[in-house]
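Okay, here's the structure, questions in a sec.
Every chain is named by a letter (A, B, C and D) in the order it is written, and numbering of its residues begins at 1.
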Amino acid sequence: MTSVTAARTSPADPFSRPWRRRLPLLPALLFAIVVTQVPFLLSVYYSFTEWSINPPTPRHFIGLDNYQTLVSDPFFREAAWTSVLMTVSTVLISLGLGTLLAVLLDRHFFGQGIVRTLLITPFLIMPVVAGLIWKNQMFSGLYGVLNWVLERLGFNSIEFVSQYPLASIVTVLVWQWTPFMMLIMLAGLQSQSTDVLEAAKVDGASVFGTFRQLTLPHLRRYMELCALLGTIYVVQVFDQVDVMTGGGPDSTNIPYFVYERSIGGGWDFGLASAYSIVVVLVSIVVATVALRVLSRLLTDEARA
Amino acid sequence: MIRRRLGTRLGVGERRSAHVALALTAWLLALIFFFPVFWMVLSSFKEEQDANTSPKLFFSPTLDRYRDVTSNPEGTLAFGDAATNSAIVVLLSTLIVLALAIPAAYALAIRPVPKWRDVLFFFISTKFLPIVASILPIWVLANHFEKLNTLTVLVVLYTAINLPLAVWMLRSFFVEIPRELIEAADIDGAKLRGQLTSIILPIAAPGIAATALLCVIFAWNEYFYAVQLNPIEGSTVPMWVTTNISTRGDFLAKLSAASVLACIPVVLAGWLAQKRMIRGLSMGAIK
Amino acid sequence: MASVHYELATRFYPGTPRPAVNELDLDIDDGELLVLVGPSGSGKTTALRMLAGLEPLDGGRVRIGNRDVSSVHPRDRDIAMVFQNYALYPQLNVAQNMGFALKQRGVPKAERMQRVRDVAKLLDLEAFLDRKPRNLSGGQRQRVAMGRAIVRRPQVYLMDEPLSNLDAKLRVQTRAELAELQARLGVTTVYVTHDQVEAMTMGHRVAVLRDGELQQCDIPSTLYHVPANVFVAGFIGSPAMNQLPVAAIMPLRIAGAELHLSDPVDADEGDRIVVGFRPEALRVGTGPISGRIRAVEDLGSEVFVHTVIEHELETATLVAKTAAPFAGQIGDNVSLALSGTMHVFEPEGARLATVTASTEARDLSGAFVQLLDRPDRAERGKPA
Amino acid sequence: MQRPRLGVGRVAVAFLVAAALVAALAGTASSRPDAKTKTIRVAIVGNPQMEDIAKLTPSLFTRKTGIKVKYSILEEGKLREIVTRDVGAGGRQFDVVMIGPYEAPQFGSSGLLKNLTPYAKPDASYRYRDVLPAVRNALSAKGRMYASPFYAESSFVMYRKDVMRANRVIVPARPTWAQIAAIARKIDSDRMAGICLRGKPGWGDLGASFTTVLNTFGGTWWSAKSNGKPDKAQVDKPEFKQALEFYVDLVKDAGEKDAANASFNECLAQYRDGRVAMWYDATVAAGILEAKDSRVKGKNAYALAPIRKTKASGWLWTWALAIPRKAPDPATAWKYISWATGPSYIKAAGTRISGGWAAIPPGTRFSTYRIPQYKAAAKAFAARTLAAMKAAPINNPGTTKRPGLPGVQYVGIPEFQDVGNRCTEQFSSVIAGRTSIDSALRACQRIASLAIQ
């Protein structure tokens, strides 16, 4: 085997010069490291300091004090739980709805293009605007269209945003993210080979059976992609919370919580940084487990 | 019969009633989803007082709100300036994203570097730091380098925001490119640039277009960084939209009008590109 | 033009314990058309890709002419390759596809066009130069892929199952054209296929691979008549050679019938050896072996009769080739006789001896002479 | 395989590059400042009066002085985030920032703002003495004025005269909360709520109205040490609970619909639509209710902020202009402030702004209330507003010693913003019926205690 190892380390071998392979990766990697990791490291540093600008206090090192404060903060746990609920329910519901819509759209019918166009629009609306429109014109207990409809139907009006803050925010998020999920799922449906479906038809499978046994497994990767992208973006949701409820039990998620601790009024940058570091670490752990263990997105490819 | 000649939309043995029912369901859901947007457009033609009162479907429409939001005095943020800033930031950042992500995706998909999974995961993990938290160090850095209120800072940040998404998506498209084509190009003597420009990019064009469109949408609608870092110069459309929010008086009609204007570019882009986008997203199985 | 030399070339795929190609030693002469053949997983494509530079070497060397190309990038090896799926660039038209490599090399446009046109003429592709690959038929695509390789004027052509995506008739026709073209151009060619007929009809020499090991490399008739081992014997020839395990106790017996051999076979007494004989050595009609017809394949000019016999307490299938017409039906009981060349293999597979065997003692003399005739034909391996 | 499209990529890239270049040229051309003229950068909140001044600046200010003004109009929350960070971190983005009385004394005493007194007193056209003392004091620390008020408001009760008459109710000019609550409950019906009170989370929303109630109920957020620093959180004291219970019960019994979501704008809409009979909020609302296009114009009367244990309880808020300490050109900045917050702008604005005289920035100067046209246009509320402004108890809002004075509807310490925000989230949740008063108070006590540790 000596010759084998010799060949592997031979400097002239184009395949054993990894830097050549890495070269195209470097610009993006360097960019990402500089633009995202430098701020991250600064945040790590801040998290070990006490630093406020109102009143202006010089930044000074306090070690792990911020982390101690954080551990004993029930409001942070509450916000974390709200974040989990908000993200999971938004992603699941919009994925379900998106799949349903994709299935409905993946067939020829009158006005298909118009329907798709209408459905796609919410995704293109600015989040702040979406939040304000829904809060003031859809959900409002007094002037909201939803309550107007409810009252016409003989029901009592519902103060959606104040009674069900989480559900209201999730509704808006679902409204915005369903089109995105629908697009990906539609892409998934259209990439399914027609042979398989025709084979199933000939084999006498019912429509539902075909969908469950063939289409759904085929869509799994797409669903995972939806879930991944959706989660990454929905976890970060801030604007809708800000304009719809302005925080509170069942609506303060982690971004809003961190915001309140820092520029939203707390001005305690050290503590806020500590919270965000914890968020990043937890996210990495959760994402690692999700991506490596549960999902096939990063695991199933054998393409050396 | 003409219908026969055009070809039926029904599959063999499919019931017409079921087909119609499904089509109607799709229409109904589409109308429900579109309704808030429709309502926003409607509000933009209302007087302020009519926008913030019991729902009214019939009213005498006015263009005054559009006049209000576009006729801004000198010294304040004009829609034209904001749109120009937004266009520059969005286009430049998207171009840079593609310029960075395409070679990166090549290195992750076509000639995967060792541990490419970890690299991909790293890119995704850069999105975990809450934006609200990252604003602090970013503001400090931007202030230090005197880049506050410049388009540069937004271009850089939007590139960073969209880079993970683009790398991820492009990689999945590149993985789908038949490997033999790359090998053929190798043997034919094409170097990295030749392979990218002659083989990979043309084939992955729909996927790249879909990726670019998503980047454009996210960058165009980004509000938080824009308002925190560029409140004076280099302000973008989302900030212009929110200047119409008031805590002492009605603003919904004006905000609606501003939103309609603000959304038009991406909505149009999205509408026009939706088919290509679906095709792009479905470029082979997303892996 | 150049010769090609594999010298102990070895390739491990990461994460697999066994080499995909193990210490391959093979010399291919300048201008020769060498076919690499083997079942899937035999390492034939890997061997080709090692030559192309698409797979790195984990040991040994590959030389083209006098140059060690083991560490040379594919684009610098001066080779051209035809892929199984042709790997035509879908967004380029035929002319652009064929001219792509020249363009990469900076060949001036006029010259490029000229060379593309010349080759297109050669391949009858002139009418299609402006078409995109998706608008071509399978055969046309195949020719474009060929053309793309020819335009290059490389030192070596590499072909990875270039005919496998064609329909049967076109495949037979194209393979003749291809062989003729290769002879005309005189460029060293390494051709990979899993189809032994293609290998036998096209190759000046054929290298048979199995599990990454070279089994035998020789001219087609030697492979057919003097296979190096059980594997080659079974792989080359259609239908495959009949093979039966027998106990090395003289006289050898097949289904109870005693065999008369032209020469003694030197095997350890009592070993399980394998005897092999081609269908043409088996006669249906009268004979000491009794069997039952399982299937009849009537090709018009000849008939293959699959029979089931009882051999050493187990059933075995033997195929006999007879001239048409053949009257037997499935399920008929028939008698079989063996008379002709028979190979005897070691238990491990290597060929021990080739003898003339018969179930009838009187058949032996003529066959003996036949066997003596063979060896000198091995000299004719070189191309003209 | 996908149908390849040679054109798409190249065309798209070409288009993008072209668009970016064109845009870049246009952008640099329009944003390059003229070297000769001075330009100052001003951050203001996006309320109607501020939009008016932005419109009038080129003709009334720039034309005379040659100083260009570049406005950043921001939503209130964003303005506070950006200005606090910029000023607090010693940034020099803005020449002039709009802040409130919560910020001005704190920033001023931390040395983050220029002391404006030396500019204001000698400036004859500014007329320092004309500024309402309560407002000026609210923006001052240790006798130094750190911001000049552009607009000021107190809080009072607005009510529908016609509704009261129909219900045979008389609203006293100086009502108590008990009276207001009784009236609200009496006139509350399905079609018209008794009173509109803020319920939306936020220290400046629910926090403002509730704190005025809290003050007059004898409660407070924190007790004070002898040096004026906060000592202990007082949220768990009976007065606090009493005030909150009173507020929540009143809103639940006789309050507006969707109260947990309501602040100024929501109450305004409901009042204007005749959905509520009374409204306790900022005095500036009167100007909108009495505006030309208002549906309730002329139907309203006004009473002072209701009291219980104190003599006055109305709040005092002002949007005022300040100069960050590190601003490069304070003299020019003052020229702008002097114009924008001086008496002449108010007079000039009256004839030029779309809302007319009733919409001029009120509450800052005595002289405003002597302008005949304003007195005519605002006769329904001008006197009451002035009275409320004068009465606002900025130095003695409650019955106990407290930190963070001056200040009525807030506690002028840095911690209050966060505590106010998070506690009002809890209280709003109580109003929505999703949290009990006791658990909200427990949470809030904890927040308030932790904040001052």
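Criterion: contacts are C-beta pairs under 8 Å (C-beta built on N, C-alpha and C of every residue); 3 or more make two chains touch, one makes a residue touch a chain.
As the structure is a computational prediction, the values presented were derived from the model and not from experiment.
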**Message:** By raw count of C-beta pairs in contact, what's the busiest chain pair here?
**Reply:** A-B
**Request:** Starting from the Cα centroid of chain A, hunt down the chain whose centroid lies farthest away.
**Result:** C
**Item:** Chain centre separation in whole Å, for chain D relative to chain C (CA means)
**Value:** 90
**Message:** I'd like the Å distance between the centres of chain A and chain D, where a centre is the mean of that chain's Cα atoms.
**Reply:** 36
**Distance between the centres, which are taken as Cα means, of chain C and chain B, whole angstrom** = 56
**Asked** Which chain A residues sit where two or more other chains touch them?
**Response** 142-143, 263, 304
**Message:** Quick check on chain C: which residues sit in contact with 2+ other chains?
**Reply:** 53, 73, 90-91
**Request:** Would you please write down the residue numbers of chain D that are in contact with two or more other chains?
**Result:** 1, 4-6, 81, 85, 89, 269
**Item:** Residues of chain C that touch chain B when the two form their complex
**Value:** 52-54, 73-77, 79-81, 83-85, 87, 89-92, 100-101, 104-105, 148, 152
**Fill in**
As the complex stands, chain B meets chain A at residues 9, 19, 22-23, 25-27, 29-31, 33-37, 39-40, 43, 51-55, 99-101, 103-104, 106-108, 111-114, 117, 119-138, 140-141, 156-157, 159-160, 163-165, 167-168, 172, 175, 179, 192, 217, 221, 223-224, 228, 238, 241-242, 245, 252, 255-256, 259, 262-263, 266-267, 270-271, 274, 277-287
**List of chain B residues in touch with chain C within their complex** = 178, 180-181, 183-191, 194, 198-199, 202-203
**Fill in**
Given the complex, residues on chain A that touch chain D span 52-56, 69, 75, 135, 140-143, 157, 159, 161-163, 242, 245-250, 252, 260-261, 263-268
**Prompt:** Tell me, which parts of chain A touch chain B in their complex?
**Reply:** 18, 21-25, 27-29, 31-32, 35-40, 42-43, 46, 101, 104-105, 107-112, 114-130, 132-134, 136-138, 142-145, 148, 175, 178-179, 183-184, 186-188, 190-191, 221-222, 225, 228-229, 232, 236, 238-239, 254-256, 258-259, 262-263, 269, 272-273, 275-276, 279-280, 283-284, 287-288, 291, 297-298, 300-301, 303-304
